[in-house]
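The chains carry the letters A, B and C, assigned in the order they are written, with residues numbered from 1 in each.
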Amino acid sequence: MSAADDLKPLLAARDQINEILVGKLAEVHLSLVSVLAGGHLLLEDLPGVGKTTLAHALAASLDLGFGRVQFTSDLLPADLVGVSVFDPNARRFDFHSGPIFTQLLLADEINRGTPKLQSALLEAMAEGQVTVDGVSHTLPKPFIVIATQNPIEQSGTFALPESQLDRFLLSMSLGYPDATAEKMLLGARERRQAIAELKPKLSAEQLMALRGKAENLHASAAAIEYAYALISSTRSDKRVRIGLSPRAGIGLLRAAKAHALLAARTHVLPEDLQAVFVAVARHRLVLAADASGDGASISRDLLAHVPIP
Amino acid sequence: MSAALRRARAAFWQQVDRRLPNLTRRHRFEALPIALNQRRIYIVPSGFGLMFAVMLFAILAGALNYNNNGALLFGLLPVSLAVVSMHQTFRNLNQLQLVQVHADPVFCGESALFSFHFNAADGRTRFGITGRYLDTYRHIDVRSGETRRLDVPVPALARGWLSPAPLRISTVWPFGLFFAWSYLHSQARTLVYPRPESPAAPLPAVPDAGKLGGTDPGDDDLRSLRDYAAGDSPRMIAWKASARTGELLVRQLEVPRAKETILDFDAIIGLDLERKLSRLTRWVLDADRTGLRYRLDLPGQKIGPDQGHTHRLRCLKALAQYALAGS
Amino acid sequence: MRSPVLSPRQFDWLLIAFSATLAPHLMWLPLMYGLMLGSILVLRYVQRRRYVRAWPGWIKFPLLIAVLVFVVAEFGNPLARQAGSAALIGLTVLKLIESENQGDGLRALLVCLFLNSVQFLFDQSLLVTVYMLIPTILVFVAMNELVAPPGTSGGIAGEFMRVGKEVVVLLAIALPLTVFLFLSVPRFESPLWGTRDNPWEAKTGLSDEMRPGSITELLADDSPVMRVTFDSAPPATSEMYWRGPVLVNFDGETWRRRAWRGATHLGEIAGPQFGGQSDLAYEVMLEPTDRNWVFALDVATGFPADVKQQVEGHLLRATRTTTVWVYRAASDLGASLAQGPAPYMYRRETLRLPENFNPQSIALGQRWAAEAVDRREIVDRALQHFRIENFSYTLTPPRLVGRHRVDEFLFETRSGFCEHYAQAFVVLMRAAGVPARVVTGYMGAERNRSSDYYLVRNRDAHAWAEVLLSDDGLWTRIDPTAAVAPDRISLGSGRYDDDSFFARDPWWQAIRMRTDALQHWFNAMVVRFDTMRQREFFSDLGIDSSDWRQLGLWMAGGIAVFGLAMSIWMFARRRMPIDPALARYRSFQRRLAKLGVAARPSEGPLDYAERAAQQLPSLRDAILDVSRSYAAARYADDAAALVSLDEALRRFAGLARTPRS
């Protein structure tokens, strides 16, 4: 089976990351789904739970160029995308590319950045290019953003507008490692050092090929019907003010396809949709004012209650 | 309707339920989805239907007696419409489907809101569906392709699993001349947590570090240093550490570790079981609200230490089910 | 449960249904009464729009009294059916002003159904019958709205597209069922209580009294009296004298029938009579007249069973005609009526004139008698007088006010219609010593070309005279109107004196004939469908309706057919097109559920299989096989997987049957 053979390097990469990020099997899996589906990932966590490690490990294992930007309120869009500088010798403007010109960008604490900065990033995410002084500069491929957002209300943050959150294919929370994993972690070598020792398991070209495969994976009418049932359940639930957009529906199917590919299947099963639904929905649901629970718990609840057609 | 009549009717149905359980077909705990069909739908003329019959009888008798064929024709037309409408009343319930029952867990003393989700298995629109749960009546239309919810509050009187009584689904559509009904008793249930103690007893004191097991907050070097990233303030760079590793590292602001506590069943003295559980429930809620890490110690099981939504639910679930017969 | 308060929409439908029911009754209700009820309804509608509240007692009770007073004043006896109907309508309107909840509304709708059938006591025409479908359907639509529980929709009026199919099926079964029941319900030979008297007291048309001069205008009443189908060639319409009551007694103002006093009953000929071979035979369909008169061409020789021919020649029925009635009759058009028993006494009565009335006329008659050789000459003299002395025929004669009305007519106004001429002629004859009497009835008919029958209308009402030309002779018909206006006789009432557009336009005439033909057909098929017709209907089907077993079989068969139609429709569910793989998988789930592992609706096939396999380890492989094949068939659209799914299911079924220890 060539499909399984093609997958092997990716699975090897996954195992390698799991060695670094102990006890986060599901989250690592989801992050690979996101990469495979060609989407961007939003992490909602407190600092210090391994977000950096995850991003770093992903980049190292998939042989992707890695860049990192810490969003602060005084960071300017030019600091992110780059700037045209006049070269007096050549008597012309040279474009000095910013840290965004990388394959995997870790955008840390994205909600500390100004709205202007956020929209510069999100534009780049949506279009795969940046425009400076009227000149477009194409970003490298693949271009993956892993953004982190601090969930605790803090002063000096700019909440991302709902329309912007839609740009992130998946979102998840790593959470604290469980006790055994944490103990293991403490006993292990320093993580930074371990990351440095990670070996790339597949090339960017291989990754792009797998992406193409995922995109073309078969989704039967029955699977699409279930996807639709899930999407529409968010629109009729009274706890939800704004349900999932059609774009979210497309994302759900895209992520499910990637999930199915990772499971070495040629078609999407309800289980694939279920596996990614919460990650697709949690950051997109706009809850009613009096709703109890958060996006994730409501998504989980809907998942448990929407019958499979 | 007078109160006496109402009481008599209630007593009558109680007798029917007791002696002829097959008639009222109060199926016990069926698996979802449940589609109504001819084996479980019952139909009788309604009170209005009987009045209608008397009126039509008078019209027909008069028409025949006076040999007035016009009046006879317009007495027979309503009769025919009524007869056919009986079938429509039946069809209004037939193939109506209960697809899902959902209720969030509640605390003892509150009401659990059970949502019964209905759709039409055959895609026909149903109008005027009435759900009766004890004395609560709710009415819905189920349009084709739609799943409609019928919410009934069910008082949660004791902790543990709460199963609702049978739900009666009825209709008089289209003309109110016939009354068709069926009983639904699904497997649906929800968990009732113990009633949180009120007024609240203060949380037990935070124990010494280490007693809890789990993480030692000690040296958190790894957490407090990270790679330099564009935009970091130079003041935050940990120069010493950077020199040691050869890469720029940035100091991260110290993250306060959550305080921890133990909620111990055995440590509560002088209360009966339910009140102990009640107090523990209150503590779990309080600990969760104040962001503490906590461990719930029940005889035979220890949960945690942990914090967050999932942990809270695990603790509450354990409290709800603790020492229940059959659980 | 308390009856819920009607929503504005429900109340509107209640008013719509009631208004449609009320509308046809307005045709017979007194105008003021109708206006009063109508304005109460309008006020109630406006008030209910603004706020939901019943009208208080200080408005209701005066209205109640007004209604009752009105009914008693207008109709007299409040127990008479017309008065009863009017009172019921009024009380229903008053009920509506205090109807606020569903129970009241539904009861009002039942009353509407009752009023719909009461309507047929007043009018059974085709038009009204077809119209009655509207209030009936509206009552059911209103019922549908009213019984919808709060927060739900009735559906039929508001979302017809969703229930249109149900409604169509409802009507498609209910309408034939109505027809079947209509044909099959046994009719009573005689009423169980009361009489079949029509409660409609005063029908327009022929009366048994004549008072020429007291009316100044003969209303052109186009309503039909009877429709006649001749067995063979029909006579000329100028020969059609339909005999009605004979008027003998005159008191100077009014002509009345001869009063039969005590033992002086002159005898009568009882039916059935069948007439002679050469007589003209025909069938008459008589509209309800609320009289016991039976009309036949002069001289009737054949008539049905419960009819008796009076000595004066007209036919009387044992009961009054209250619904459309069909009978066969025969006539000898050339014959004349003989004098009955006690001819001397009768001749004296037909010579009697009131004293001190019309001296000029009596003088004229006596002068003619003195000059003439025989009675024939006197008759001719009189007809000649009408012809040459400037007499004219008009439907709008001047009113005759004085004591000597015949004098006034003969010597002053000289214009009038048939009644005036018949009266004047008979008075002149009696004065001249010729026994004479007034005959009322109908003259002429209009042929309906579209279905070849003759229609007699109320405006064809006519009066003519009969005289004895010798004391031992026969009664001879003399029509003095013919002397003045021969066209009235030869062309019929419809053409005479009517040159309006409608009378002349052939297209309009054709429409009128077609409509009347339709009404004729409707009367034949529906209104007069009585015991006899029902017997005929059954014998046409080969069923002996006197044999209850055959009748029972017919009823049972019919009901079975309708029951079958309803059951087919009832259980014919519109199945969602179900995937073949899903259908198999559902049965698999049911089997597993019986083994204790019920599927959750939101559980995918792999998860379910895993859970089931854990609980039923002995079936593990079979279960996983089934779900794998199912997943491939349903989610990979792999057609071949359906075959392997069937195999896996068979394997699973085999294993699941074997008892596990």
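By our rule, a residue touches a chain if its C-beta (ideal position, glycine included) is under 8 Å from a C-beta of that chain, and two chains touch if they have at least 3 such contacts.
Bear in mind the structure is a predicted one, so any value in this text is a computation, not a measurement.
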Of the chains present, which has its C-alpha mean closest to the combined C-alpha mean?
B
Tally the contacting C-beta pairs at the B-C interface and at the A-B interface, and name the larger one.
B-C
Taking each chain's mean CA coordinate, chain A and chain C are separated, in whole Å, by 81
Per the centroid of Cα atoms for each chain, what is the distance between chain B and chain C, given in Å?
60
Please tell me the distance, in whole Å, between the geometric centres of chain A and chain B computed from their C-alpha atoms.
34
Where chain A touches two or more other chains at once, the residues are 305-307
Hey, what residues on chain C touch two or more of the other chains?
601
If I count partner chains per residue in chain B, which residues reach a count of at least 2?
33, 99-100
Chain C-facing residues of chain B, complex:
1, 31-33, 38, 48, 51-52, 55-56, 58-81, 83-85, 87-88, 90-91, 94-95, 99-100, 121-125, 127-130, 137, 139-141, 143-144, 172-177, 187
Contacts from chain B onto chain A in the complex sit at residues 33, 99-100, 102, 104, 117, 147, 213-216, 220, 222-224, 226-227, 229-233, 245, 252-253, 255, 306, 308-309
Touching residues (chain side chain C, partner chain A) in the complex
579, 582, 601-607, 631-632, 634-637
Mind listing the chain A positions that touch chain C in their complex?
218, 220-223, 266-271, 274, 303-308
Across the complex, what residues on chain A touch chain B?
46-48, 52, 68-72, 75, 79-80, 98-99, 106, 108, 175-176, 179, 182-183, 186, 190-192, 236, 292-294, 297, 301, 305-307
